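One structure coming up, written as structure tokens, with questions to follow.
As written, the chains take the letters A, B, C, D, E, F, G and H, and residue 1 is the first residue of each chain.
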Amino acid sequence: MDDDRTADLGFARIDLEREARTGDPEVVYGAGKTAEQVAAILTTLHERHPDRAVFATRLSSEAMDAAAAVGAEIHPVARAATLGPLPARRGRVGIISAGTSDSPVAAEAALTVAVHGAEPVVINDVGVAGLHRLLAVRDLLESLDVLIVVAGMEGALPSVVGGLVGAPVIAVPTSVGYGASFGGLAALLGMLNSCAPGVTVVNIDNGYGAGVAAARICRVEAQ
Amino acid sequence: MDDDRTADLGFARIDLEREARTGDPEVVYGAGKTAEQVAAILTTLHERHPDRAVFATRLSSEAMDAAAAVGAEIHPVARAATLGPLPARRGRVGIISAGTSDSPVAAEAALTVAVHGAEPVVINDVGVAGLHRLLAVRDLLESLDVLIVVAGMEGALPSVVGGLVGAPVIAVPTSVGYGASFGGLAALLGMLNSCAPGVTVVNIDNGYGAGVAAARICRVEAQ
Amino acid sequence: MDDDRTADLGFARIDLEREARTGDPEVVYGAGKTAEQVAAILTTLHERHPDRAVFATRLSSEAMDAAAAVGAEIHPVARAATLGPLPARRGRVGIISAGTSDSPVAAEAALTVAVHGAEPVVINDVGVAGLHRLLAVRDLLESLDVLIVVAGMEGALPSVVGGLVGAPVIAVPTSVGYGASFGGLAALLGMLNSCAPGVTVVNIDNGYGAGVAAARICRVEAQ
Amino acid sequence: MDDDRTADLGFARIDLEREARTGDPEVVYGAGKTAEQVAAILTTLHERHPDRAVFATRLSSEAMDAAAAVGAEIHPVARAATLGPLPARRGRVGIISAGTSDSPVAAEAALTVAVHGAEPVVINDVGVAGLHRLLAVRDLLESLDVLIVVAGMEGALPSVVGGLVGAPVIAVPTSVGYGASFGGLAALLGMLNSCAPGVTVVNIDNGYGAGVAAARICRVEAQ
Amino acid sequence: MDDDRTADLGFARIDLEREARTGDPEVVYGAGKTAEQVAAILTTLHERHPDRAVFATRLSSEAMDAAAAVGAEIHPVARAATLGPLPARRGRVGIISAGTSDSPVAAEAALTVAVHGAEPVVINDVGVAGLHRLLAVRDLLESLDVLIVVAGMEGALPSVVGGLVGAPVIAVPTSVGYGASFGGLAALLGMLNSCAPGVTVVNIDNGYGAGVAAARICRVEAQ
Amino acid sequence: MDDDRTADLGFARIDLEREARTGDPEVVYGAGKTAEQVAAILTTLHERHPDRAVFATRLSSEAMDAAAAVGAEIHPVARAATLGPLPARRGRVGIISAGTSDSPVAAEAALTVAVHGAEPVVINDVGVAGLHRLLAVRDLLESLDVLIVVAGMEGALPSVVGGLVGAPVIAVPTSVGYGASFGGLAALLGMLNSCAPGVTVVNIDNGYGAGVAAARICRVEAQ
Amino acid sequence: MDDDRTADLGFARIDLEREARTGDPEVVYGAGKTAEQVAAILTTLHERHPDRAVFATRLSSEAMDAAAAVGAEIHPVARAATLGPLPARRGRVGIISAGTSDSPVAAEAALTVAVHGAEPVVINDVGVAGLHRLLAVRDLLESLDVLIVVAGMEGALPSVVGGLVGAPVIAVPTSVGYGASFGGLAALLGMLNSCAPGVTVVNIDNGYGAGVAAARICRVEAQ
Amino acid sequence: MDDDRTADLGFARIDLEREARTGDPEVVYGAGKTAEQVAAILTTLHERHPDRAVFATRLSSEAMDAAAAVGAEIHPVARAATLGPLPARRGRVGIISAGTSDSPVAAEAALTVAVHGAEPVVINDVGVAGLHRLLAVRDLLESLDVLIVVAGMEGALPSVVGGLVGAPVIAVPTSVGYGASFGGLAALLGMLNSCAPGVTVVNIDNGYGAGVAAARICRVEAQ
């Protein structure tokens, strides 16, 4: 069953048609895959999509080494790899994080934005306990096309950002916190119940998903 | 404290500046408010935003009557009211629901899209247990700018839709179901864990939030 | 077992010694008690504490009627009753609520503050989606001794308030919301995980508990 | 108490009568047992059931070594061991997995099917984000007697499969995922709420239970 | 979009092709539908499947009246309706319930079995606190092709039944119980963790799903 | 504050009066204490209670070594230590476990029974999937004064035992299981919802608590 | 199947042998049964156990009327009925409740104790916020054979009682409370985690189960 | 963006204005930060606040070493570091813990109190299972301005303390416990539902938050 639509590696059945359907090639979700599997899938994807970077996320150290060995560029903070040239950019996506500990998730989101064809603009450590830090960058916020807001603990930042601007806001809860944060559940629930209209949410620590959504929003050409 | 930025009704402090900040006036969340409060806030908002429909959601029967009495148009399936002319439309937003029981949430989403300046296109009852119904409208799906996917029970529809198209997909879990659906929790978790990239999620039964997000996405003009 | 320390009404064993131990008489928790029980306990407490208002909360309409019939003053928004003169006031306690729907909880908190000997200052509907409403009252906030912050949905307001002032902040989550608010759980978890230092939390909808704590803080005379 | 019905090893009371009652010998659940215990129980079961493979699951590396030392065949992906000849086969059971990371659970299910007397047919990596992969094997699906569908994350695959065929579908949620998958809970709830009629579900990662159920279904000879 | 595959009633898009794909026509899930909608869908389904009973479940009293008015037979304990002749029967399915309070769920399962072409055999009130009641019907149990076991509270009955026989066992947790049964969650978790091999589980109170699965198992003709 | 009622070790305030109040000396809960702390508290307790064994539970390997070094007897399966002579025995307590993996909890319960002055009678591996194993020891069960029933997974054994005998039954859920056992939650909920009357329950894996309760029941001399 | 061991009423299969096995006849759990069913089962049980009261719990008002019509005595606070003479009493059981709102559960426990042959001693409203109330009855507590402790909210009372006496303590969490009490879950978890040794727990609001356990403990004659 | 209000270290945006707004400098939350980041932020904070100790919590061993290397004082039980002189003290704060295992959280609370300008008074191991230990220090309790009560397991201690004194009580649940303590959830829920009026609560293991709140309460000078 290896054809133009699918590449069958035995352990994986790669969806070659995905770019045609959705505009983006399949991405390798590295968790639960061996380093060899990650490298093999990346290589296969690169062969079928030579003109555009293919992408692997949630990589172990071994998988990052294996990816490097087949020519991929490694992004250690995001624990990700890219193979091939980044696409041209359309749109500017803000990635706004509440605290320093949220950086890995913000990095994954920023890299995903770039891989999917938009420009990431990172704004770190502007949590709501010191509002002046956020208000100081308000003009920058208003210049961006889409905003990804990354926060752990109580996850209040998307509500505040969503009240300041009219751009689409994608909230990413992180597992930063302890005790009653329950691995990011508190932030997730907070964001789902945001009193700011129009905030949408992705899974805990899912910088990748937020990045894809943001980049796709930048492609919309509504009339 | 009644000024250009805020209208103080005693029981409410209306945010008059919201349209300037975000592009849309404040919306009345009807739950937990009396019929009189709903009517008074709608009237005040209409006075300050006479050229564009103002909006109230989650209305009791009493609140719908009170809104009608001050001149609002009532939308009974969506349990909502609008007062003033709808804005011009930019972009087409698909509202795709899995089953007949999801209709009220889909109706709230569709009305919200219209109130916020985009064109809603409703496609009902195309759940994944009969895939041919969805595949039959695939061309229509591909013509739309943003997709809102509404589903209860296991909430699988956004994953399938998200694998078919590249438009931004906003998933709305509904409380349709029983037993281990836990009031929509099963659908919510399913959507948050979607294997289709780029799906974002709003609160259970939050057609309103999905509609705002979709309409704002239609306004993006990324370069 | 009816003595100076306890009044035994058969169905209740009233703690007469509580004022001596803690500074405040026992309060009647009306939920799960009959109207007759509420009236009888209020009357007994009033006899033993004639110089200071005694207090009953969470009253049914029947219990409010029965309390009025024995001479109590009824507070319908707070669903509470007082019998006897309010004490002299020490300290000013802000009760800050995020939305109009949070008013009953805020009213219970404000009344409790007064019953326990401090002055309540109510500031309604200053949720984080319109920050300017909160920033407009910043001077007032800074003049208060303790702040009670009442919010449902995502419960973000205490974090923002806690970042603005140094007064003790007591957060009260409310059950306002739907879907993934899970009856106030989202707001509760958000407040427990607040990134603003020094925020303490009470049970969902527990305006009473927040009011007692705030009034007692006003009595502290630390050296 | 060591007789024809029970073998008492001190640490275990083996149910020798189970095959007579249910058609299948007792199986060793390896978790929480020492390597020595696993080997001893396997050996005892083999002595009592010499003509048919006995089976141990969820083995540690040490337990796999100890089982090999007593003559068992080791199945490393499934983390299981068999001792004795596999039974004759009746019926063909499809084991369909959504992603590469679900392979260990699918392998346990496939081996269990074989140990319990049916033929496993494995179809990997046909998740719903690329439907054409599943539709490409539709004829194969329709030729099978029972289908085991293995999926993590949102667990949507059983609903789609259940809408395509009339064979009994047994859904196995896996713990593949992160964040709001809560260790497989999202997939479990999704499968329990499947909108496709007739889907039944086993515990998270319980490939063994699904395999037993499928093989037993193949033995049914309803008139 | 009304054709051989789909009947579009506006509020519903009926899947006419389902019988061809899965062997059974679409069934009307009555919850969340109006009485008129239920009657209209039943009528349409009956027109397209005149030779075989069509089926509606979870009906309100109003929906039962409306179904009766279009000629359906009403089954009040199961809160369901059938329209058209029941199919010929293949296989015998035991429906075994733990207590009298589980009867409505057992009745829905039994009717579903009959509607889907197998013979239901109902055995009520044989819970594990009086084992002799179950052991007294052991011969009957062994004569049946599939067993549906219905239980609330701790849901222990499927484990005991599953240890006695080799037929496929489908466990149905019910919401019977209080306190820490959490609406059937205790029974659901108990059944998912059954120590008896091969037990599969459906949603809480889902007698319908168990019935479909059992009837389909009776159609299997494995070689 | 070191007197006849309390021994103050700085890091611990030992309750010397507990035996006088409750009949049993304080017991050392080893989790979260250093090996030195465990040894010091055991020694102090032994000095104050020289005629009766004192007891420490949930010991790390280091704490077991430290306890041995001060003369305690070590019980490795139960991960506990005793220091001093066991008391005379009154009453016979059955400790009945469902599976081999439940042995450590059963061992803690049995040792606790002995330390608190009753005779433990251990019956292992009689889970409900092979009922004849339990029925074979029915006479023994009926001869015992109290029964402790230890089970993981679905925790069905106490219900079956509770239906067979009239002795007090104390159920101990264990964390044995995986997936939807949620660390013993499934067994705990099952036991709390037991349909057998009179079953009481302790915390997950709390063999100690069950043992204390059982031994105290043996001391009751009701008239 | 109507014989000496079972009475088959069609809708119920009464366990006539239960008294022989466990010392107590079967009890009617009224929830989910019709008034007619309750009356019929009570009557049947009374015919078979004419010398000893039979018992029905959790009765609706209709079921209480129907029970009265067949000669039963009604206990309205406990929502229960008895038919036939109470047995002779052995042992004294304290039923200690934390607050007035816990009275119905305490009443069910007390009545159950009497029906099962022990003497109930009720001590109401001695919650831990006024410890002197409990300490005032300490001598009485020490004279009792078994203690049932009933509490809602945080459920702290069993820990305090368990630290004062050596009698067996059975804790009954109640659903009294609001918000984060989650229907009694807070009290249940508190009691399961009690730091007082030997406390056992029953389901939320399960006064019946506690009463049975306590009465059975009073029958123990350990040597 | 490095100015008087913010120090931008690249990975962190330090809020220099926080002391002016709230009375206390920003504190370093060490979890999720590298040792180098902790040391750099501490150094920067110290430069800007040379006259008053700055503070870092939740430090790894590496971070404690790095902090020591830049001149900080290390507090190993609290896993914290301070740099600079402690402020003058106003008010006395009791830190009362239930058991020895709660000591690290109590130590964090006590240090935080001192860093924020009040005097900590530590009272360890006075859990409710031995009430006399608490009653023995009652005079001391009454002399303190604020009480922090630290407890794991069922978390009952704050309710008992709150019933004895009128000072503000801040409850800190700890993760001490196992099984159904669910990582401190049982203690958290218990404290939120305390029947003692005026108890407020912080996150599980959040000694820091309780300490800040207590010190700020000591600064209140209500008139």
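Simple rule for what comes next: a residue touches a chain if its C-beta (ideal position, glycine included) is under 8 Å from a C-beta of that chain, and two chains touch if they have at least 3 such contacts.
Values in this document were obtained by computation on a predicted structure and should not be read as measured data.
Which chains does chain D share as contact partners with chain G?
Both chain D and chain G are touched by E, F, going by the contact rule given at the top.
Listed by label, which chains are in contact with chain B and with chain C?
Touching chain B as well as chain C, we find A.
Moving only from a chain to one it touches, give the least number of moves from chain B to chain G.
The fewest touching-chain steps linking chain B to chain G number 2.
Determine whether chain A and chain H, two copies of the same sequence, contact each other through the same residue numbers or different ones, counting it as same when over half of the numbers at the interface appear on both sides.
different
Farthest from chain A by Cα centre, which chain is it? Let me know.
Of all the other chains, the one whose centre lies farthest from chain A is G.
State the chain with the largest centre-to-centre distance from chain F, centres being mean CA positions.
Looking at centroid distances, B is the chain farthest away.
Centre to centre, by mean C-alpha position, how many angstrom separate chain A and chain D?
Roughly 35 Å, centre to centre.
Could you please state the distance in Å, as a whole number, between where the Cα atoms of chain F are centred and where those of chain G are centred?
25
On a C-alpha centroid basis, what's the spacing between chain D and chain H, in Å?
Here the centre of chain H sits 50 Å away from the centre of chain D.
Going by the contact rule already set, what residues in chain E reach two or more other chains?
Within chain E, residues 18, 99, 129-130, 162-164, 179-181, 185, 188, 192-193, 197, 203 contact more than one other chain.
Identify every two-chain combination in which the chains touch.
Touch list across chains, by label: A-B, A-C, A-D, A-H, B-C, B-D, B-E, C-G, C-H, D-E, D-F, E-F, E-G, F-G, F-H, G-H.
Would you pull the chain D residues touching chain B in the complex into a rising list?
Per the stated touch rule, the residues are 98-99, 127-131, 153-156, 159-160, 162-164, 177, 179-182, 185-187, 189-197.
Where on chain A is chain D touching in the complex?
Residues 1, 5-6, 11-13, 15, 17-18, 26, 29, 31-33, 37, 58, 173, 175, 183-185, 188, 203-206.
Quick check on the complex: what are the chain D residues that touch chain A?
Interface residues on the chain D side: 99-101, 103, 124-126, 129-130, 132-133, 136-137, 176, 178-181.
For the complex, which residues does chain B have touching chain A?
Contacts found on chain B: 18, 21-24, 27, 90-92, 118, 145-146, 162-168, 170, 188, 192-193, 197-203, 208-210, 212-213, 216-223.
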